[in-house]
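What follows is a group of structures, each given as structure tokens.
Shared chain: chain A. Partners: chain B in the first complex, chain C in the second.
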Partner chain A sequence: MTNSIITKIGLVGLGLTALTGCDPWGNLRVDTYNYMEQGLWDKEVVATSAGMYVRLPAAGALVWVTPDGSSRTVDLHGAETTRLVAAPDGETLLVFGSYPTCDTDDADIVTVEDCLNFDPDKLVLESMVYVVKNGDMIASSPIAAHYNALAFTSDGSHAVAYLDFSKAADIDFNGLLNLTEVVFIDLQSAATTSVPVGFAADRILFSSDDEKAVVLSESKVVVVDLTSTNYDILVQYALSLDVDDEVRPQDAELTPDGQHCILTVEGSSDLYVLDLENESINIVDLDGAPAALGVESVGDKTALVYQYEAQVDLIEHDYFSVESILLDEPSNNIAVGDGFALLYNVSNSNYHDVYRLETTNSDLIEYRMENPVESLQIAPDGAHAVAVTRPESASSDPLEAYADERYGIEVLDLVSDRGSHISLVSNSQPLGVAFSKDSVYALVLLDGLDDLLKINLTTGNAESLDLVDTPMSLGAFGEDGFFITHDSALGLVSFFDPATDTFTSVGGFATGGLFDDERMLVQNTEED
Partner chain B sequence: MKPTLSLIPILAMLGCSDNQVAYDMGAANEDADTGWASEPSSTSDDGDWDETEDLGSETENDFLRLRPATTDKYLFVANPARNTVTRITVPSLDVITVDVGVDPSAVVTTNDYTRAITFNKGSDDITVIDATIPEVEQTVTVLNNLNQMVVSPDGNWAIAFHNADIEEEGDSSGTISFNEISIVELNTGAHTPMVVGQNPHQIKFTNDSMSAVVISDDRLVIVDLSAGTPSRSIINISDDPLNPPRAEEVELTPDGAYAFIRQYGADEIVLVDLVTELVYGLPVASNPTDLDISPDGLSAVIVDRGSQQLFIYPTTEPENSIPEIIDLPDTELLGSIQFSPDNYQAILYTTASDISHYTTWDLTEQDPELAMTVRPLVKPIQQLTVTPTGQSLMVLHDNGSSEDSNPTYDGKYAITLIDLYDFLDNPMILPAEPTAFANSLSGEVGYVIMEGVPQLTLLAYDALMHLDVELKSNPVHVGILPDTNYAFVNQEHDLGRLTFYDPVDPLNVIDDVLQTITGFELNSAIEH
Partner chain C sequence: MRSLNLSILATTIILSTVSSPVEAMDIGLSLETGIIGTNGSGWSMVGGPGIDTVGFGASFGLNDNLVGISSINLGVKGAKNYLTDPESPGDAEGFIANLAVAQLSAGVRYDLLPESQWIPFAAARGEVTLGSMRLDDDLQHEDNINQIEQSAMSAGGSLGIGVAWQGTVSPLNSTLRVELEGGFGVASALSLGDLGDLNVAGPRTRASVGLLF
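And now, the complex of A and B:
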């Protein structure tokens, strides 16, 4: 789905219902067709408990949309937003952005265009991080522009900004990047503190009490004290003693008691176990480089699967001894529930198996999907899981061929010891799956259908609910609600109340980018 | 002639300052029993032994300087590359690393388990570590060009010296002496340098730690440790100052009154009265190749391979005694002796010739003709050891063969377990050359590791059975924690690897406990 749209005067006929009071057409850029590279709104919306934040790339603005049908712009003091991240407290939003300033004392230069005309080199974009709650910016702080990822403590009191190298291709920066630091952010004050943690840190874990952060970087793991004023480093673990031997952490988890950090290494069969209490390292030898790991708290064990080995390793957390269990097919992904881990394969292969591994007794229950799994989610109560499957090469058997050529939704009974599951075939690609809070049903969006499917997880019966427009994405909202974004140029989202099966749609909040307003410079103050 | 050895069971392991019974093969000889030449030989055509032929050394056990040291709870491993010592708690396997001097080449624990002491060859000092905390108590600078350290039974003294038997590259600089030793009082750190005889080979403490005896080729030095400051007495033990015979073996009587010294090629045993410092010659026949104190401490027994006789001197006033002489079976060539710790029998054998026999000497039998019994083996002896309880015998065989060996075992390394009560034996072919073995003090189990084979072989002595335990990498050293059957195996790994194995019930695989820690050298790089 492209974010580009074609705007035209006639757009007023696109079902826009809530344009604001002033004359919306006076400042249109041209009176003919105009192609906009960026869409008016970013469909990757971020929901909090009370509303939804929508980024308007063309306008450089941020909009706060609430289920009562209202929307308004969040005042970021002239900053353009680049990235939104919701904190786990359900209320706080962190916004990365930048505002323009002009490096001159000339009082007549008040707009970006003024500055460009005066001297393009004097135009400076100041990168900032903003803390937003309930539609209002409550704090801000400068931050380097290259940080593109955030990790939060569970209580939402702190965040760590770091560079996610997997998404670093479009980083725009001037001068030099310091790739050996991450930035700790106090979410009450937005105060930022740079902490040297090693090269290319791209994974941050937090202790269960949110008092320590474990930062993983190349060949190094650093534990940071979140209770100290300056985010003091408590201990540094080297993952290698040879500078030529680069150890790149791939995946990492803390054990349920928080004592150990378990991390896998790219291309290595070494599983590093860092004892954070006794400050020591052990390496567990695996049979190969694991593709995924999952830490399960009831059995207090870690499960590891391999890309090409039909095997799952179960590791207890006292002595980290390994129990290897053979599978019929390799799994390369793990979803963890209470007392079990679901093992499945999302590689571009024809593997059909999903396994439920009981971590307390190592029992293995096999589920055979009709088609290969594309994604899998566990319902909140852990009694069911929903797998989205993808088409595969058709079998010669007509019945099987029908399913082979189509997408599917498979509901797995996780209480069953026989691998019971319900298979639903779809002509359209599922776009999103979400569960009701009581785990009675799953909501599913299908590509191209203006319906929301409500699937009973026990019976498999699906109920179709009409949507106001073609859906694009589905997400959880608030305590028990959901939101749906629609394919509407000027912005359209729906809030769904599952208790009443009613939708509240809000549209037209993305018109800001249509108008060619001059962009004002922001005057730096001492506070800034 | 009747053997006169007392039959009093002996519980104490005389002269055994190690708290385990572990041996490594392939390093320098500690207690080599030597003959006249270097290469093994075989019987002459007429079946008699050619006395003029070079038969080479008899071999008992060897040592490896980097052998880990143990207490009842901890294992200490020196990490020369990182200048640290790692303490591993058993069975929790908690790891703590302590910085010591440069290139710690040996680590020793005191018999009371309170301290670990490292000899740091690179910085010419020793580090005294409180074993329980563990923290460095003190570092004491010693002389340069030393390469071995011994610690007194009471744990109060350490003596570092240059053992000429250890082959090394010689990286010392400056003025070098081979005749100097460093004596360190471990409670105060007081260092006393001292000159002893030329090329000291061995230092032994008396059981009460009141004195130490330094054996050199030409002199024996008695170091009096009873006063605050060590003092020495020098005793010449060779009549030929220009070409003194090599002092190969010294045994102290349990009361510390006498030292028996066996010299290369000498026709008498040198006896030193450590109280009066008088020197006597105790006559033997022609070529003594082994000297042992009986387990009850009452007799010194010399094997004279040249005459095929045993010479038995009392340890009380031996200078005034006439030896008891026992003729050995005239069909055999015997050069070494090992007593059963229970003092009920001794094993006579040779490692210097390709003979597939051993001879048992029943110490309860008064008639020597009946006391000695020649028994078969499948192939010649490489090494032999009686288990600590005296109930079993383990014989290692190299991959050679002899005229009287079993062809099935030709060209293969082998091990034979023998029950010393009924002499039932179980010879087993090994996949490679054994490099080290260890026996538990309980006599229940032993362990063998082999060159290039990632395997620990358990020997269950009661049943004469074996069990192979797979390791993660090739083993380097094997030992047993004191007073347990719990084995530890140091293995090849760049970052250090130890496997701990508890057979629980040696014949029941199901209850085995196998734990491996890898990468403990990374702990030395943990920073705060």
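And now, the complex of A and C:
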């Protein structure tokens, strides 16, 4: 019966199509223009092993898009999503959101509009965190709305929600804000536990066995036992003995054995080394305030670079002695691979050098880029790295000037002892770089180009693959796949299978709830 | 002033081809135009509230006062929707939403003074509205993957009151009937599946000109 009705409606639809012309898509009538403040979908999609999650801000919904070409709305029991974060297990998604309730027993009030008309003060938004797997919500728990960042254990069993002050514009709270707590979340049950850790905690580290969390806050470091039911605090470290002396951690890493936490402090040349087993603090005096640090596990050393000093410090993890190595140019960023650290500079300067520092023998190999580096990524096998370079002031030499004025892709050979690399000039800004799992090639998207470039990392040869529409971003998907988002209002993503060089495009997923103008209230129950 | 006088003259000539008094006729055919009133903010994406329609109707006399009426009306409307947030995907081109509707109605009309030239009347109709929504976010490409079509049906009814003018058309041995009508319709929403619902309940206006045989 239902099919019969649908068939009839379809036939009438065809009739209406015929009435509006032979090519209805080529002659869609436009009477007026409409301007919408919110986009239909959020380009910051989140991919998991089996599909992709996309927020629909205008409709307040979350959709699950899969490579088989289908998409559906994730049922979050009426909640509107605000933030998505993927857990490292590749399957779990944490969704921050809220659902509307009306503080009244009046059964006639069923929509948000009803409640606003009744009494705007009665409308309450309940903040929640939802655990979603394979497109289905499996657990949920209330959480304060102001938490805007998450850190996960490597096994994806726990997460810690905290307030990232660098995204202060996102902070959403009513009344009072408790800045001395973080919230531990059990990702199986979504159960949340608040733990007092100190003022403005904004950095969380986990031990390699995922049994301890190290929470860094202002002038304080707290170690939390993740195996205890109440997330007991094992030990606290005061970074300052004077309450007037605020010590704000800038960067922190755990040593490979998990025994020490190495942290730098904003504006300070002191390097704090916390012994997490013997509860002691060692302060190493450096030549200046470090710009970045990276812990390398093969050589078991930490590398530190400085914004203005052409120097890298290498610190071993037994006695924390410092070995300083001079560079030709300062580096302010570090990417760590197995057995080496790549040092590069992404400040708005004219520095071109990238250095490979072998952590076992302190050998330094210099790579000279054509233009200053904008970003750098290491291939999964550690044999190559790809640097995106940006335009700079043009040289007087015509050939150099051509490259100077353009973006570039540089493929660094990380096995070479001579700093060899392949320079590719790009006629537009690279939007994204991703590596194949076997590290044979890199995929690159360029702004304004409706192609996906597949660059062989050994030869530098680029193959161009046609895309269905203008791309916006590129990311890894599943075991060895990729996804590409497109600049399309109604929603368009492509899944790329590198084994067959084929794309599967899924569109129209952003139209869910497009015309709905009533938002239903959610009734609070015991089960909720 | 000269053009106004010419208009009056032309109107007089046209009306002189028809004459009173009016006789009750059995069957009528008419051309119609109208507006299907709507409500809800979702209509802003399709060009705002109300759907302009054109169509034709038929009537048959049941007795001196009561007339059976039916009609079919078609309407198309659409809007280009721009996304003002520059961070939104597709902000430059936006998308078009276009809706084509066919409204079938049947009911009865009660003519209050059927023998007079000016006839007040009331009408009650059952309505079925069929809609076909089309969305497209890339008009440059004929094979755009995001050409989305969704059909829907709404059922309901309307009540209206109006006034008609009737006069005999001598050459055709028939009666000219001109109507103006206003009313209100209540109907289920056009349910466009995952796209959501569009509400077609609201005011109804209709004008028609036809012949009674």
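In the analysis below, the second predicted complex is superposed on the first by the 493 of 528 C-alpha atoms of A that agree within 3 Å, B and C clash if a C-alpha of one lies under 4 Å from a C-alpha of the other, contacts with A are read in each partner's own complex, and residues count from 1 in each chain.
Here is the rule we use: a contact is a pair of C-beta atoms (placed from the backbone, for glycine too) under 8 Å apart; a residue touches a chain by one contact, two chains touch by 3 or more.
Quick caveat, the model's predicted, so the values are computed rather than measured.
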Q: Examine A:Trp41 and indicate which partner it touches, taking first as chain B and second as chain C; both and neither are also allowed.
A: second
Q: Identify which of chain B and chain C touches the larger number of residues of chain A.
A: C
(Q) Contact-wise, after the overlay, does A:Ala238 reach chain B, chain C, both or neither (first, second, both, neither)? (A) first
Q: Could you tell me if A:Leu490 is touching chain B, chain C, both of them or neither one (first, second, both, neither)?
A: second
Q.
I'd like to know which partner A:Thr511 touches here: chain B for first, chain C for second, both or neither.
A. second
Q) Looking at the overlay, does A:Ser321 come into contact with chain B only (first), chain C only (second), both, or neither? A) first
Q | Touching partner for A:Ala144 - first (chain B), second (chain C), both, neither | A | neither
(Q) Contact-wise, after the overlay, does A:Leu116 reach chain B, chain C, both or neither (first, second, both, neither)? (A) neither
Q: Report for A:Ile281: first if it touches chain B alone, second if chain C alone, otherwise both or neither.
A: first
Q) For chain A, what residues appear in both contact lists, the one with chain B and the one with chain C? A) none
**Q.** chain B - residues contacting chain A, complex
**A.** 81-82, 93-97, 472, 494-495, 514-523, 525-528
Q. Once bound in the complex, which stretches of chain A touch chain C?
A. 5, 9-10, 12-13, 15-17, 19-20, 24-26, 28-41, 43, 59, 73, 468-469, 472, 485-492, 505, 507-508, 510-517
**Q.** chain A partner contacts - residues on chain C that touch it in the complex
**A.** 40-42, 44-45, 47-48, 74, 76-85, 87-96, 98, 100-102, 130-132, 134-139, 142, 144-149, 151-153, 192, 194-198
Q) Contact residues on chain A for chain B in the complex? A) 233-242, 270, 272, 275, 278-285, 319, 321
